[in-house]
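Alright, structures below, take your time with them.
Paired with subunit B in one complex and with subunit C in the other, subunit A is shared by the two complexes that follow.
Moving on to the complex of A and B:
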């Protein structure tokens, strides 16, 4: 039980990071990015290819994150432009369609070019005992990275001027413009950051289990569930939801079986929609 | 300081205001009087970049700002306080004020000035803006606009939704700003208070400038008295 909770925590921190990007992009621009998971897999694939070519892991990871981020910026500044010109429901729908198209293209390309490629980062070293539970060093490193990045994000959005400016666009775009914030720049920055975070999650996942090129859709679905449970546009909500769902995930796979976990996660999302439609920390619109 | 010439603007290709010409000189307080739907808000939104301009130009301190992005106009020294205020509801009073100075860091002297002008805001620095009363939100909206140290402050109906006493307080604060040399441009339906504050005024009806003159002239104009001052 203790092991399941601890494993869930590790997984949940990564779920949180995965959800943060999606929730912020939606909060800022009303676009539910269905290519979120595909961008994550792009980062992992780049790392795998570069390491095959003999590059050290650190350099590979840096390049993988950079490629994902650049792709995010590119999508925002090209394909998303007509989307942002629309308002309300039309914006949401067009955003869904276009990002779904991007997801198909990326998935198709990866499966065509690198059908058997997967990334697994084997972190060496002994298993370490924490609270009487033996944890693999891969899990530990994944958690440390996730916690560190999570804390950095919270600090950035709470206390930095740029972070506050981005939150101001989520809360009242017109008000933000009136104080001198450029919402176009804020959206672009967050789209890029969101892709980097997605890439980071794929890379930290690969420290505990291999990430295949076909994993994009699973990442996207996970991110959607985290976003629904955490509340749209809430950074802290995404982390809370991630941790909660991570624990639900490991406990249900520990006691019932892995086949049931996705159903349990969807159930958590359904219950949230029923009893707390705005999510854990989301606000009503 | 601000020149508007031949400005037509509206929504969805339909003009609401037509060929508006007016100007505001540095240090002046100018009011735009008009009933609900006369086009005051459309005019203000077009000036500060929030609404589309069909024809005409807007010049601020000698530079054209016609159809410039809102954030650039705001950074150039023109602050606009809309009637709906557009505060950041889930941020504290302090964070709202801090963002007013974006992209720069808040200037301590300006912050002190704003908190002295609105002591209520100083008491409530940690309260979320969304939970404040209408009067306090209006103070915060003006305070946030002042944090950018603007040279022209535009206010759309600063007394909207306020009880008479609070409306008077709001205008008392604007009087302080005027005496310190702030240039003010105010759209208002509550004409008596605004007439006392301003130097000059324009009357807008059906999207066109109908009358103009000093506030004294307007206060004694029979049409204005009948339509806006409730005098038969």
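Moving on to the complex of A and C:
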């Protein structure tokens, strides 16, 4: 039981990071990015390819994150422009469908070009005992990275000027514009950042279990569930939901079975929408 | 996206009524007659007939989805799941419970209608927007897929089910299934047209153009949304059931999100959301395209992704609307 909770925590931190990116992009631009998972897999694939070519892991990871981020920026500055011109439900729908198309393009390309490629990073070292549970060094490193990045994000959004500017756009785009914040720049920055975060999650996941090129859709759905449960547009909510769902996930797959677990996660999202549409920490729109 | 204002006009009552009635149903007759000729040229080939049947199945799905999404803006991302409910219900009832096949198919349609109605009712009563309806129905699709995999005793899990009901009947021969599905598609088109011309169609157009105004004008938006959900879902369930009996085998991938919903979305976007023949045209074009591109293997997914992007960026109202507009320019009058 204790092992399951700890494992769930490790997983949940990564769920949280995955959800944060999606939730921020939605909060800022009203686009639910269905290519989120595909961008994560791009990063993992780049790392795997570079490491095969003999590059050290660190350089590979840096390059993978950079490629994902650049792709995010590219999508935002090209395909998303007509989306941002729309308003209300039209914007939501067009954003949804275009990013779905992008997801297929990326998935199709990766599976076509590198069909059997997967990334698994082996972190050496002894298993370490925490609270009487032996944890693999891979999952420890994954959680340390996730916690670190999570704290950085919270600090950035709470105290930095840029972070506060971005939050102001989430709250009220016109108001933010009036006090001199550029919402276009904020959106672009966040789209890139969210792609980097997605890539990071795929890379930390690969420290505990291999990430295949076909994993994009699974990442996207997980991110969706986390975002919905945490509340669209809430950073802390995404982390809270991620940890909660991570623990539920490992406990239930340990005691009940995997297929029921997936259903439970989906049910969590559905029930949240039905009974608390704003999510755990989201604001009502 | 669905601000298609160029709806075919509802025929006015009075002296022109009969001519307009003809004009309203002629496109269905022509399309049906053209499709009825298809087996004459490819009737020998098992492969091509299989493709044609698949194409008609997707046309039926797309028309049903058009009733739900095109008419009332409810983004049901569970087309495959609803069809699957139909297919599995009918197959299991007929094979395990000994229910007659026609009755089993009717029950399947009713069950799918009930499920779709409940989803629609939930979406309406919690006033979920497009995005939340989309997420909830997507979650439902994936949960259904997992249930199929998990409930091995009932559904055969990953390996699927061999459907015995229908064996030895016309449904398993080479050409009759095609005509069976064609009849279904023509029937669905007629239902769509009937809906369009009735008071329900007026309500659909009103609520799609401007929900608040429609509500203020006395249109019970919630009720008509649920109607659309029920009718469309029944159509999906029946189509899924008929396919199960003609094919003789169903598995989780027969009705999965990736196999059904995504394609239906592309077909509808291509043909034109909210048009009569758009879904049919989309299904025909994509069935042909699928076969032409078959040698590209995985690259096809990339091509489809690109197509989705181009379609939704470029001509959002679909090919049918573009063509009608072209005709309108030359003929001076817009054909219905």
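Observations on the model:
Simple rule for what comes next: the second predicted complex is superposed on the first by the 285 of 285 C-alpha atoms of A that agree within 3 Å, B and C clash if a C-alpha of one lies under 4 Å from a C-alpha of the other, contacts with A are read in each partner's own complex, and residues count from 1 in each chain.
Simple rule for what comes next: contacts are C-beta pairs under 8 Å (C-beta built on N, C-alpha and C of every residue); 3 or more make two chains touch, one makes a residue touch a chain.
Please read all numbers here as calculations on a predicted model, not as lab measurements.
Residue contacts after overlaying the shared chain place A:171 against subunit B, while subunit C stays out of touching range. Of the two partner chains placed by superposition, A:51 touches none, neither subunit B nor subunit C. Touch criterion not met for A:135: it reaches neither subunit B nor subunit C.
Within the superposed three-chain model, A:251 lies out of touch with both subunit B and subunit C [touch as defined at top].
Which of subunit B and subunit C touches more residues of subunit A is settled by the count: it is C. Judged by the touch definition given at the top, the superposed model places A:5 against neither subunit B nor subunit C. After overlaying the two complexes on the shared chain, residue contacts for A:161 are found with subunit B alone; subunit C is out of touch.
Judged by the touch definition given at the top, the superposed model places A:180 against subunit B, while subunit C stays out of reach.
Residues of subunit A that touch subunit B in their complex: 161, 164-165, 167-168, 171-172, 174-183, 283. For subunit C in complex with subunit A, the residues that touch the partner chain are 1, 3, 73, 75, 122, 126, 128-132, 134-136, 138-140, 142-143, 146-147, 149-150, 258, 262, 265, 269, 297-309, 312-313.
Here subunit A touches subunit C in the complex through residues 32, 79, 82, 89-90, 92-94, 96-98, 100-109, 111-112, 115, 217, 221, 224-225, 228, 257, 259-260, 262-263, 266-267, 269-270, 273-274, 277, going by the rule given at the top.
If you check the complex, the residues on subunit B that touch subunit A are 48-50, 69-71, 74-75, 79-80, 82, 85-91, 95, 98-103, 105, 144-145, 148.
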